[in-house]
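The first chain written gets the first letter, and so on, giving A, B, C, D, E and F; residue counts start at 1 in each chain.
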Amino acid sequence: MSAADVPLWAALPAALLLICGGLLALVGSLGLLRLRSFFARIHAPTMGSTLGAGCVLIASMLTSTALAQRPVVHELLITLFILVTAPITTMLLMRAAILRSDRSES
Amino acid sequence: MMQHLPILPILLPLLAGALLLFASETRHRPRALLALGATLAQLATALALLACADGRIAAPWPGELGVYALGDWAAPFGIVLVVDRLAALMLTLTATLGLAALVYALARWERAGSHFLSLYQFLLMGLNGAFLTGDLFNLFVFFEVLLAASYGLALHGSGAPRVKAGLHYVAINLVASLIFLIAAALMYGVTGTLNMAELALRVPQLAAGERTLFDLGALLLGIVFLVKAGAWPLNFWLPSTYAAAAAPVGGLFAILTKVGVYALLRFSVLLQEAGAPAPFEGDWLFYCGLATIAVGTLGVLAAQKLDRLAGFLVIVSSGTLLAAFGFTGTTLTGPALYYLASSVLGSGAFFMLIEMAERNRAVAADLLAISFEAFGLQDRHESEHPDEMAGVAIPAAMAFLGLAFISCTVVLAGLPPFSGFVAKFALLKAAIAAPPAAPALHANLLFAALILSGLAGLIALSRLGIRVFWSSERPTPRLQWLEAGPVAALVLLCAVLAFGAGPAMDYFEAAARSLHDTSAYVGVVLPEAAAGGAP
Amino acid sequence: MEIVFALAIGVLAGSGIYLLLRPRTFQFIMGLSLLSYAVNLFIFGMGRLRTGAAPVIDPARGADPALYADPVPQALVLTAIVIGFAVTALFLVVLLAARGLAGTDHVDGREPERE
Amino acid sequence: MELALIFFLPFAGSLCAAFLPSNARNAEAWLAGFVALGTTLVIAALYPQVSAEGVVRLNVPWAPALGLDISLRMDGFAWLFALLVSGMGTLVVVYARYYMSPTDPVPRFFSFLLAFMGAMLGVVLSGHLIQMVMFWEMTSLASFMLIAYWHHRADARRGARMALTVTGAGGLALFGGVLLLGHIAGSYDLDAVLAASAQIQAHPWYPAVLALVALGALTKSAQFPFHFWLPHAMAAPTPVSAYLHSATMVKAGVFLLARLWPILAGTDAWFWIIGGAGLCSLVLAGYLAMFQQDMKGVLAYSTISHLGLITLLLGMNSELALVAAVFHIANHATFKASLFMAAGIVDHETGTRDLGRLSGLSRAMPITAALAAVAAAAMAGVPLLNGFLSKEMFFAETIFLDRPDWQRIALPLAATLAGVFSVAYSLRLIHQVFFGPPARDLPHVPQEPTRWMLLPSALLVAACVLVGVIPEHVIGDYLRTATDALLGADAPAYSLAVWHGFTTPLLMSVVALCGGSLLYAVAFARRRATTVPLLEAIDGRRIFDALMTGVTSGAEWAMRRLSSHRLQMQMMLLFAVALGGAALLALSGGIGWGTRPTLPLDPAFALLWVIGGTCALAVAWQAKYHRLAAVAFAGGAGLATSLTFVWLSAPDLALTQLTVEVVTTVLILLGLRWLPRRDERIAGRGGTSPRLRRLRDVLVAGACGLGIAALAYAVLTRPGVDGLAPFFVQASLPQGGGLNVVNVILVDFRGFDTFGEITVLGIVALTVFALLRRFRPAPESMPLPRQQREQAAAGDAPPSRVHGGELLPAGLMMLPAVLARLLLPLAMLVSLFFLLRGHNAPGGGFVGGLVLATAVILQYMVGGTAWVESRLRIHPLYWIAAGLLAAAVAGIGAALAGAPFLTSKAWHGELPWIGELHLSSVLVFDLGVYMLVVGATVLMLVAIAHQSLRSHPHKSVPGALR
Amino acid sequence: MNAILPFAVNFGLACCSVGMLCALVRLLRGPAAQDRILALDTLYINGMLTILMLGIGSGAAIYFDIALLIALFGFIGSTAMAKFLLRGEVIEP
Amino acid sequence: MRRPPLVPLLPAVLLAVWLLLNDSVAPGHVVLGAVFAWLVSAAVARLRPLPAWPRRLHVAIGLCWHVFVDIVRSNIGVGRVVLGAARRQPTIGFLQIPLQLRDPHGLAMLSIIITGTPGTVWAGHDPASNTLTLHVLDLQDEETWIRTIKDRYERPLMEIFE
């Protein structure tokens, strides 16, 4: 059982989603690299963690559902966890950045 | 119940340690009783095992060696505990020293920090496990158990010197543990087994390339054991750690270096018989032991404080054991085991003793004494009473300490009449008789090293002993029975060991014989493999 | 794969050992953690490398040893990880205590006379 | 039986004496006196038996495997010596009763005195060489304790230490010599060794044996060049000097030489070593004795000189000389002990022993004077006293020496010279103390001591006279028994007559007497000798002290080079040793790569390790100045490691590595708070030396890394070994009852490892807790971190620092707190999930426990310690204990059923509606792991977190952590 | 049966790896600590995606657990660092 | 105002999560999940002093859809900024938005939404004035942003949580 055994009805959308997800993650990371300031950079990786992850998770759901031949939806949990946890880091990081940039300015 | 005897030395301290966590730290009496009870039970178990291994009482296993398969998984798949005379001897030593140091600690040290008693029990558990196990990785685990507990105990009571020395101790041992892991993994990667008996079986069948890899593993393992055993040049941490540790801990640590020696011995014997190189092949171990003796002796001479001196004495004894085990042939094993027992008991007592003696001491007085000696100055006291002819009565506590000190000195320096002398005699006698089976040079070197280290010990101990016990400026320490008792008991044990040298030596020789009888070991641990030839 | 794996171990171990030779306690603890990564990988590698062969028995495929990676090193690594974690924590606390008592974060508990 | 009695009486007496109260002076004396007298009588009563049978023996097996036996053996020589020891002991005890001050704590004194007596008898009566060495060393120890009896005096301490060092060292040398001797002879039994004379002298080890034995004997007998300790041993109370340092202990050396004379003597080496040392001591000590100021000093040097005489006699390789030596041993003991007693009396009565201050005492204490004069005359070799007889024999032997010519001339001359010295110092001693004008300013007014104190001395003087006048009747028999015992059939004929006619020896005696008197009259009569001419510079004590200090400082110097207190050095050594050893082995054995087909390289994997490796290098580069960055890099390396585990089919490892990674990061960050700031700009003092050191470290580290990589590669490319793995895979489901083989190994096959591992975790947690209880942060990390101070100053309310009553942390931590608390139940569920299914899928107690612990820590992070603990009471210690107990109980359960510890027991059942139920002791075990991990992790992290609470005590909550 | 999914998986893996590489460069370059923390966070997210893709590629369910764990706890390291930056200590009194 | 719900929310959610985790609805798992859900709820009860009783699930579903659409849109937007960054640097900036929503859970949901949407980051919240500070990657029209936040997210959230 591997990726090659997935029926086409699932493989096709899954593949599309995977490519989308990969690209989104890549672009997000690229943004981290290319954007000029921290405040700009902090936005970019969110792409990977939201829609990018979402795409991959849906792809995963599709393939595993297809392989197990019953609905497999536990990837939802990952979505849930990502959504709940992401703001904590971002908020703290943002505050810290504001504080530190304030300090370096003053 | 009898068939579970081998697991008890591990299980008893574990249960005691865990139960102690439930008891509030303020309730000293029940905690002390629990710890004492557990340690006494360990001693009883160890003695029972000792008797079983020697065939004195009916053992729950057939034959000479006892194998206890944990989880009922036979070797090499499961972990086995193997009881032979040597293991039983080490268990007994651990329990004896453990009991003495525990009683000593109950008097005051136990209260110097948190969880002393639990950590203490865990240390005993680790020691017992390391002596019993027949599995390489399990040995690592028990090394870690005993090291982790020893970290805690070495730092017990906190304080700057303790923590500074502890930092080095922890650091070195952590790195050593990582090397241990590499070695064990390498051995597994090459032979596909972790059981020590099966290793002995498999190693001779390895192809040349694999064999070199295995030897590398063995080398790393040997280095680790040498670190634990305090061999030069890997032992710089030892004196300060031992000196800084709390007294009962230092006392118990006397057996810690012996774990390294024990493991080294166990491995080198198992592998040597199988035609494989010992962790340290050939004369390396012997010369390493000699270097350790030499450096330890220098340290003994240079030490200006009793606690450091004690540390260096431990190094000397380690070096002696290494040299003895590295000596060509097997005739020195029995005497070396006797020496091991004697030095463990003696140095254990010594650590506790010096703490009692140095209690309340003024640091300034010490410095003064050193400068007096260096510049040949006279004591102030002397000039005040030049011709005083009446003696000074020694308080009973000081008299006891002095006597105990002399006894320990006598044991550690190898002077008569206690066990140290018998041990040295036995070692030297065997060494002299060894040529031509062993190089005469080795015999001569060992001879010189033992005599000279004894002399150095005598010089240093008398110098520092005089400074500590006969300096007029020291207040007399207050002793409690709980503290004096264990020291006296250990010293007495040394005397008993000397007095009963006959039966003791018989036992040690038998232990050495069964240790070197690898095929019996393999046969008991792996009955099928041994019967069917190659595994 | 093997060469990458081996080099990875080498780089981790080399960096770790370099840090272990440094004079600051913090460097030491980082070195320790890198070296333990390396050691964990090393132990793991002793079972040889396999992809897609996690040693979780698939009842459909049966318990053919050829189908699964060697589980023993994995079990060993697990133990090693746990112990490594424990001792890292311990060392951290010891270094904190040493720092507090000795007033310096030098591994010897005192600054060298001359750097 | 009698032998055992002789042996045990003194030791038993010693033990009794030690436990008498410290003021029981009379009881002590009675006890010691009776013991000594009893021993003497027993010995005396044994004489008929000894003379009839030759040897009386008692053998008790001790350690036959080692060739050790307790063997008591009394022949004529031993009998003579034993009688000397015990008889002299009796007299000294009587003397000491009156000598010692009433305030002295005498139990110690008598106890050691008796112990010494026992040890000395042990030396004398040993029929086993090793046993003799044992007692030999015990006499050194006893002597040490007795010299230092007045340990509050520095000279006593120094003298004791010197004596112990020198004689102890000699004892060790003797030990070595005896070992060799026993090896050559094949037995340590004295008879066997004595019978192996030819073998021994022919053996290549003979020189070594001789040197070692000589070292032992010469140090003990204070012979040149080891003589210097004896004068310093005079700090001992005078009874001790009389007993140990003149009559008995110092004689042990010559006793030994005489004992081994039959097997060791007769060679050139013997002559030069023993005879040479004897001659030097004889002349040199005699010369030095003339210039001493202290009465006991004179006696000490004279003792050395006389012992030199005996040694010289023994070294002459002639049987008659041996007889003379034995004779002189006995004679010297009598007159020298008597003289010491006299010196002690003078000291006791006047308070000083200074020859310069003492004078004309014969008027106040005539009896003492008379006794001393006779004894001194015996020492000087005046006819009709015992000293004359043995000295005459000595002179005779020097003449008939069987050596080349120049030696035959030189030796008599030297002997006569020594005789001259001996007369001079004897004369000086008596004349200066007892004659001349009465001394004035003495500390006490001199008077005759009590009769009992004079008695021992008088008895000894009487012996001197009796032996001197009628030697053959008094001592002839005994002497003959003694020498027969030594020489057996070779014993020469000799006569002990007082008058032999006008012989050369007589001439020498006369010359010595006249020369000595003349020398004294010319050189000393008017002059107070304060310094020693010619030998001024040679001061044994100074040399010894310099030697000792030199040894110590030399050892210190060596230790500085051979050892290091620096951790870096030790690490370097550890790695260098490992690297060097491995390189040596690998080069000699050779390891090539193996033949196993490698996995195809996945570029993504390679990229992963580009990242991981860079992170690792970056950690090494940044850890000094940018700690936070280093932690982040380490996180990257850890992630790469976990991903590798995922990639290479080790999901359990990946899970564990990830959780551990997270917890470790938090842990290190917690610690970072207490570390000092390190600034690149101020600390960056460059220079070549640190740079070189870094380069060296880089090289070593690089080499080690490469080595490990090569090692790994060498194994990875070799085909796998069919070891334990197949069994585990096959047995996992049917016998272990789990699909996840790794977990089954962990909790079942090798559950004992896990058992130990969780114990380690628990221990570490306890240690951390214990250590942090006494934690004292560095001063500069005590105050609040800068960020918090700034924010507080800017009016920003401290976000998470609230009191328990409030529902939520205020400020900017409010929303994270809400989210984190949403996460807590989820994480708990996940942790239970991992715990429960670990047996069949990746997970297990450890991961589960860490998940829960992390979730709890997250609460602390967002809510602050005070807030969390005001509503959550975790008892991490109980969790740890319960975890350990649960694991143990899971193991013991099986043991109760008769199976070994940790045997798994499973129970399968069918429940209606719910389905199959599967319970196993393994689950209990895993639950134990789970609980312990939770407890230990939380305990460690929270204990560190609590340090902030402690450094700001006004905000603490009571009893938060237990 | 068809190669499209494996191809997509490999493509996604490559994307994620390159993304991780980008994050690494940011991690190395900084310049500020917050950049590094952000980069680490990104690294973790990309790592999680990698695992999911590996899971899809192999069809095995076990990868899910690991991804789940990263989703649940991957953020804690970065949060702790951010908290440290913000307040100077991870767990306040 | 707050009425007791028919089903305790937390245990129910936990049960659902448990079943999702195990990917099974076997009776055994349901029972076990129920037990665990109950246990865990009891264990965390003291840590969660704020009960939240969301209502009007249809509003929530609508909100979810809006959020999803916004996420996709802003992903595209940010992606363009990243890839086209060479051409035009985005105008980043802070934005103060006064809020009416006070329920912590509502705020938490809002923060999830805002963080989940690329291009916006929750930069702070002043409880006193109940003002949200928002950081926006491509800040061109402040008013539009404020309106979007308040209309699209805040109002539904208030309906759900208050």
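Things to note:
We adopt the following convention: contacts are C-beta pairs under 8 Å (C-beta built on N, C-alpha and C of every residue); 3 or more make two chains touch, one makes a residue touch a chain.
On a predicted model such as this, the values are computed, not experimentally measured, just so you know.
Following the contact convention of this document, A, C is the list of chains adjacent to both chain D and chain E. Centrality by Cα centroid goes to chain B.
Set against one another, C-D and A-E show the most C-beta pairs in contact at C-D. Our note on geometry: chain A versus chain C, Cα centroid distance of 29 Å, whole angstroms. Spacing of chain E relative to chain F, judged by their CA centroids, is 22 angstrom. Work out the mean CA point of chain A and of chain B, and you get 57 Å between them. Per-chain CA centroids place chain D at a distance of 73 Å from chain F.
Taken residue by residue, chain C touches two or more other chains at 20, 25, 28, 42, 45-47, 52, 54, 56, 72, 79, 83, 86-87, 90, 94-95, 97, 101, 107-108, whereas all remaining positions touch fewer.
Counting partners per residue, chain A has 2, 28, 30, 42, 74, 77, 80-81, 84-88, 91-92, 95, 99 as the residues that reach two or more other chains. Among the residues of chain B, those touching two or more other chains are numbered 137, 141, 144, 148, 151, 155, 158, 163, 167-168, 171, 175, 182, 186, 188-189, 194.
All chain pairs that touch, listed by label, are A-D, A-E, A-F, B-C, B-D, C-D, C-E, D-E, D-F. Considering their complex, residues 80-81, 84-85, 87-88, 91-92, 95, 99, 103 of chain A touch chain D. On the side of chain A, the complex with chain F involves touching residues 24, 27-28, 30-31, 34-37, 39-40, 42-44, 46-47, 50-51, 54, 72-74, 76-77, 80, 83-84, 86-87, 90-91, 94-95, 98.
Residue ranges on chain B touching chain C, taken from their complex, read 137, 141, 144, 148, 151, 155, 158-160, 163-164, 166-168, 170-171, 174-175, 177-178, 181-182, 184-186, 188-189, 194.
For chain C in complex with chain D, the residues that touch the partner chain are 1-31, 33-34, 37-38, 40-42, 44-59, 63-65, 68-72, 74-75, 77-79, 81-90, 92-97, 99-101, 103-105, 107-108, 112, 115. Across the interface of their complex, chain C is touched by residues 58, 60, 62 of chain E.
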